[in-house]
Amino acid sequence: MPPTPSHIPREECGIFGVFGHPDAAQLTYFGLYALQHRGQESAGIVTSWPGGGPFKRHRGMGLVSQVFDENILKTLDGDRAIGHVRYSTTGSSLLRNAQPLVAETAAGQVAIAHNGNLVNAGPLRRELETSGSIFQTTTDSEIILHLIARGLSESGGILHNALHRILGAYSLLILGEEEIIAVRDPHGFRPLCYGRLGQAHIFSSESCAFDLIGAQYVRELHPGEVFAVGLQGPRTIEDLSRKKRSALCVFEHVYFARPDSILDGHPVSESRKEMGRRLARLHPVDADIVVPVPDSGNYAAQGYSEESGIPLEHAFVRNHYVGRTFLQPTQLIRDFSVRVKLNLIRPLVQGKRVVVVDDSIVRGTTSRARVVNLREAGAREVHVRISCPPHKHPCFYGIDFPDPAKLIANQLPPEKIAEYLGADSLGYLDVDNMTYAAGGPRHNYCTACFTGFYPEPYDFSTDKLILEQRRYTTQSLLPPHDQRTLQL
Amino acid sequence: MPPTPSHIPREECGIFGVFGHPDAAQLTYFGLYALQHRGQESAGIVTSWPGGGPFKRHRGMGLVSQVFDENILKTLDGDRAIGHVRYSTTGSSLLRNAQPLVAETAAGQVAIAHNGNLVNAGPLRRELETSGSIFQTTTDSEIILHLIARGLSESGGILHNALHRILGAYSLLILGEEEIIAVRDPHGFRPLCYGRLGQAHIFSSESCAFDLIGAQYVRELHPGEVFAVGLQGPRTIEDLSRKKRSALCVFEHVYFARPDSILDGHPVSESRKEMGRRLARLHPVDADIVVPVPDSGNYAAQGYSEESGIPLEHAFVRNHYVGRTFLQPTQLIRDFSVRVKLNLIRPLVQGKRVVVVDDSIVRGTTSRARVVNLREAGAREVHVRISCPPHKHPCFYGIDFPDPAKLIANQLPPEKIAEYLGADSLGYLDVDNMTYAAGGPRHNYCTACFTGFYPEPYDFSTDKLILEQRRYTTQSLLPPHDQRTLQL
Amino acid sequence: MPPTPSHIPREECGIFGVFGHPDAAQLTYFGLYALQHRGQESAGIVTSWPGGGPFKRHRGMGLVSQVFDENILKTLDGDRAIGHVRYSTTGSSLLRNAQPLVAETAAGQVAIAHNGNLVNAGPLRRELETSGSIFQTTTDSEIILHLIARGLSESGGILHNALHRILGAYSLLILGEEEIIAVRDPHGFRPLCYGRLGQAHIFSSESCAFDLIGAQYVRELHPGEVFAVGLQGPRTIEDLSRKKRSALCVFEHVYFARPDSILDGHPVSESRKEMGRRLARLHPVDADIVVPVPDSGNYAAQGYSEESGIPLEHAFVRNHYVGRTFLQPTQLIRDFSVRVKLNLIRPLVQGKRVVVVDDSIVRGTTSRARVVNLREAGAREVHVRISCPPHKHPCFYGIDFPDPAKLIANQLPPEKIAEYLGADSLGYLDVDNMTYAAGGPRHNYCTACFTGFYPEPYDFSTDKLILEQRRYTTQSLLPPHDQRTLQL
Amino acid sequence: MPPTPSHIPREECGIFGVFGHPDAAQLTYFGLYALQHRGQESAGIVTSWPGGGPFKRHRGMGLVSQVFDENILKTLDGDRAIGHVRYSTTGSSLLRNAQPLVAETAAGQVAIAHNGNLVNAGPLRRELETSGSIFQTTTDSEIILHLIARGLSESGGILHNALHRILGAYSLLILGEEEIIAVRDPHGFRPLCYGRLGQAHIFSSESCAFDLIGAQYVRELHPGEVFAVGLQGPRTIEDLSRKKRSALCVFEHVYFARPDSILDGHPVSESRKEMGRRLARLHPVDADIVVPVPDSGNYAAQGYSEESGIPLEHAFVRNHYVGRTFLQPTQLIRDFSVRVKLNLIRPLVQGKRVVVVDDSIVRGTTSRARVVNLREAGAREVHVRISCPPHKHPCFYGIDFPDPAKLIANQLPPEKIAEYLGADSLGYLDVDNMTYAAGGPRHNYCTACFTGFYPEPYDFSTDKLILEQRRYTTQSLLPPHDQRTLQL
């Protein structure tokens, strides 16, 4: 089992960019709206015009609809924009960590929006600080900004050397004085799509944002591709991917991406239905109804129902007004946080043998509460089916799973998990079926959270002890050889 | 066609109450959470202890989760509470109109939470003002409070006479110094349920709130029932319903109530599935897939699919982060307000003959945009099926429909509506099938918005011109016969 | 000694009104700015146009500059306005108690701004509640509004009877649908001035507000005068003052009013200088410098210096940025609350015999801290001179003194007070010198806080136990004879 | 006349620091309270403990009392703290420019609070950016932080080289991991005092802050002194002042500092009174009363009155509740911004020959409005006396005067200024009398704003065009030789 990763910085993010449209900020606002599921903690947009003038930026904590309003968007004028939504673990939920980051460098202003996590952030930050760089955030993304600022004096272009220093997961949008540059890391851990809206160029973490603004999906960026749009038009300027294998996060297909997105050409809804069909073949059961855990289990449940012939019933009802609940109603109301999101329609399950289909079991507590709900409502049998394998390993590339020690698959042997859940049976999909359902063989995907096989090794000096909780030096600012009192 | 009702006060609301629980405010907070779909504009809670002491109240504009937080709930101590969520038409969206309303009267403090609309508010308000009452809100609910305050000197109890003066739709929770009194109007236009949580007594507009807090559903209040809980325990103290027929709003079953609620003993999800089945029999069609408009069309679509044998596809994806969007992107993005809520999964509908099932067509613009979306995504045929009859008439009992002149069913003959929508065919459910699906014959329900038959006639002097935009008198405060200057 | 008045409602207020000016709200904003010293807790403005239309109101907690901004003032359109600033004791610092109060009555809309306290509020409120009135605030001012609303059916004009029911201190501005009516109570406890700005009519608690907006001071309203401006022009319509003696609060001259105001024709700065001169004659002392406690002691100190020939030194420096300090730095910094407002310029007092002149001693703690400051700074002798007599009695007419039991003059004999303060000598002005310095004989002023002689007796049933902490009834809303359960 | 300095960055500031007290943040809060007159736009505090751990910082826009509250101060734990209040010209009023600035460097965390302006910020910033530094603010103070971060690799101590690179005005407080270092620039343009509170060490821009917290004033730092307090106790570690002459800003004595402060051993109130006495000798006049413009003219007026024998009258009354007024009442109310701060007590000046004493005339508009006020109030003659010479030149060292072209002394010959003001006569103090009154000869003070003689020349490449409105490069981030499209 890997070491406890509680100090590893983790962020889930969505990025969106527009080049060459007079309403760039407003389009980016809509784009972030469609990517809101990728990060609900903070949002930001930076805009600019060609030919200089100060970048305009607005960032805030909260949902896109809370951070921006009509007046704010009006201040964000420009024909190009990049935007970012972010979720991070509690400790670093600071406004100053919200992206896009902006800096003034000798090459002018540079803004950056980053989805993914670097695996060599620790050593890079140490190196930069030692040579005089000042850090304002605890994010790995700021490192990229410093490397760009340093690149001026180096041969090969300002950006080139910066990109050759960083390792790990990075889908990037970089706004410079003259262009927007989109970059996808050599493995392509995180998605990044390119599209067109009339003459304008659009970038988005997921294609669902194109539908919202009426843009045409052109293609996914290739792993390792550095793609620029500027006055000279769109062009690929570099390929960073040599020798590295493609490794899109398979969990984007299982859960993280929206079902109406297309990832690397494959519709996510279709991946999920196929996972459900394969799950029905792998773990069939004699039952009366298939019940999805909405909304993430909907398509897999449909696939399961299709394949098995067992009718689908939407017995769980989702409360659409659940925002951030702040209360800890532990004593007062058991399982409130479970109940408030989903309520059960009792008449639909009473006396029935139920197959409940969900996308994953993490800690097990939520799944267990669902089984309890079903039992209380009178279900005769409860069979749990999960559309991916058991989660056992941390993600170093941008998905925030809990500490592996808290994952139920690391706590109990498989046969005991069903017992813990109170289920009559439990079936997981396996790795091969999952990746094939997502459209390709196992080695085209990153499956590290299931298999522990990491396409890019993590430098463990990159932990939060470095970036956030660094053991602060107690170094004096004064010369050690000259600390005597001087008489004036 | 009835007169233009643009000045008729309309409110959609949910009410919730607790008697005899030390965490009354917190339970009410949870209850309002579950009733949030009945009103998203303002929320409020009033609490008290037995034996006097000032009532505690907090109200605010916005969602329950925005209006309350842990600290606010702590200030709302007491073992009894009533709460309210409200939606109203724009003009009257004022905090001072938010409920519960509280007043100090000679009988002590009284708080009131009201769901429904009175039909004789105009004459009552005139009468009260003429005899010296001061009004602080533009709501009809304040009239009930004044009638109670006036009731002290009358025989038959403080409340009795007040309730015999008001006509129309009212599900009420009244918090007095000694008890909570729940009242449902003689027709029972709006629902009101009674339940138990241990020793505590719970009231709620819908039973889904009971599930959230783990309370037991006991029964619906009867139309006309005045039910009190105080130190003497729960008891029915009066029946106001003499000679009036029962007339629960059938649109609660079609759309307004949550599918996991039980209304007058009938599960809402079952009503909707049955509407779908009957719709399939009434308007069959040869097609490839049935697509619901989520979430309101989900259960009817399932019924349609079951009955017709045509497979169900969840081709529309709902964006769960859509809050109040403020932008008017008319030129920039066509149909944004439609697209932002629901996006279509193109591969699922491409080349298919689609039956799209929705709960209603009001103005027609949204339905039309959905058909356009389906066509753009490559649907070969689009057949629209609606699980209720065409809306033609205003509701005077608490549902906020647009001006009848704007309802498409009043603008176009039936055969032209499909054409306007761009649909290959259009089928509505009829009144009898709708009411039978909801569990009873036509005369057990209010179907006024479809049929124009009103169980309780509306007094048209009760319009907003009276309550809100009253033609202000230009009466002097000085005696007309004594307006000469006096020398001092 | 009078009974402990800790439950007596007390408010200090300023009122301002404009009739007949297109920028009525903005002028009122400026006027309240100039009256800010009369109340810093809440502020409000109501405006209207002739010929009906809804009154516009904005109120808020805080200073005038915090409550209003450009956008808010724009919403307050109208050619007439009344405004109010308020300070009250902590318990009742609620926004809903902020004035002006507004109500809709059968005579149309009525708004009211009130400075002063009624002495028969308790019995009046009980009477009104018993006949069905609903109260929304805990202020005595709301009683006036209810009496006006009730007046419609009475002979003699809507207002006439209301004004004949209330006793005590009231300077009122009433905005009706057709006019503004200004009223000063029969004793004239609180000031109220009338002025002109071009064609517009202006009312203000103090004349200093006229200077700010460039208006002409015309005259003070007479005690008991009811003065109206409407379409028929300005006119006195009634004299309520029969047999009551004039009794302007002398403490307005001593401390409360601004030195640049004119009260009943007498400049406040001149009153204060004359108090200082008379104080020098009554309590002469051989000293080196006269030091005022700024700003309230400035003019009296100047008079003392003039009369005695001892030079004036501004040794205390006021910090102009002291807002509401929230910290209780008891242990950390001794006398912080004293020091933060005033700092001493040590070189000016070192080795000097100092006469320190202040307007009053209330609890004694602040005065004592000042003496300590002077001693620490090296003053050789400290002689305290106070420009009014010792405070011993509560004010029932609108000034908020502490509980008499906490007044130092009720705790120590005169000769011990100097000792407690640490002063070498202490001298108070006497009642006759004070009132003559203010421009008239003793019986032209209310001197109740010094003498205990009250021009209008207080009805002790008007205490906070009634208005705020009323012993809440535990009366049931149900008929006592009919509390059995009814079977439905 | 010097060049138009509208693009020169200007800031007025106050700084305060505590070392070795468990309530460091609270003491700093009090200290900033006392220094509020030096900057009202933003405030900030940074705290730390010895031995590492993250620095705690809170900054905000507004007054000290608005930016901090009890809860915020509780989060600022530590036994050492530095704080800052700031005023700057409108364009740069950004929260991100608020101080103290904090950075993480290879030498650990460093925070800085800076009063004054550097004269070589432009070239330094260019140099730093060229070698890869990223800037987050538009302040010259951030340059110092970068120079410190760069200093790690240099001999002579981290701080030594940084301080030898910067030129101009800087009173600094630097909080490192191990110590607080206080620095005053070689000329000593801005004050910086050192004091003790028990065992704790205190630093403050002015001594008045010591009085508030009960600290003992020890001495002013010498020009050029680098003074550190750490575990080894307090000590002077370097003298930067070689060959540079002492040049404290004389305008601190005239206007900027508080009258209860001591600057370089000389009480400010005494300086001002002496300026008034010398002004009376230089420009005597036959008059009835001397009237100060409060509060800045109070002490000079007293000196004038003493020397001339003409009695002093406080005819102007200050409104203590004037906050930030936002309204532009140009048409409505003439001179509102003048009147709202000061109102005139008419009876005191009517028919009198008035000497009005003020600290300076800048644009002339305010002074003119005062003369108009006095004339309107009936003054027979108005003689204006100013306690310093005419302002003609910009300040590059930290005082924000308007553009020289807008200074009345650059627009009109001396004899025309009195005419413009509407005064019967006008007299300014001269440079020699001013500096002698402040305690020393002319060459001990910076008098640049009066004389145009600058102790440290300004590098005009340091203008806002560089720091804020830099002509943004339109440099591409891509290598120029490699901008062809690459086929992937």
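For reference, chains read A, B, C and D in written order, and residue numbers begin at 1 within each chain.
To be clear about the criterion, a residue touches a chain if its C-beta (ideal position, glycine included) is under 8 Å from a C-beta of that chain, and two chains touch if they have at least 3 such contacts.
Note that the structure is predicted; figures quoted are calculated from it, not measured.
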From the centre of chain B, which chain's CA centre is farthest?
-> D
Could you grab the centroid distance between chain B and chain D? Build each centroid from C-alpha atoms only and quote it in angstrom.
-> 61
Dist(centroid_CA(chain B), centroid_CA(chain C)) in Å evaluates to 48
Mind checking the centre-to-centre distance between chain C and chain D? Centres are C-alpha means, answer in whole Å.
-> 39
Multi-partner residues of chain D (each touching 2 or more other chains) | none
Should the pattern of chain-chain touching be classed as line, ring, star, complete or other?
-> ring
Chain B partner contacts - residues on chain C that touch it in the complex | 50-54, 103-110, 126, 129-136, 145-146, 148-153, 156-160, 174, 176-179, 181, 222, 225, 228, 230, 232, 235-239, 469-479, 482-488
Interface with chain D, chain C side, in the complex: residues 23, 26-27, 29-30, 33-34, 36-37, 40, 63-66, 69-70, 73, 208, 211-214, 258-260, 267, 269-270, 295, 298-299, 302, 306, 311-314, 317-327, 329, 332-334, 336, 339-340, 343-345, 347-348
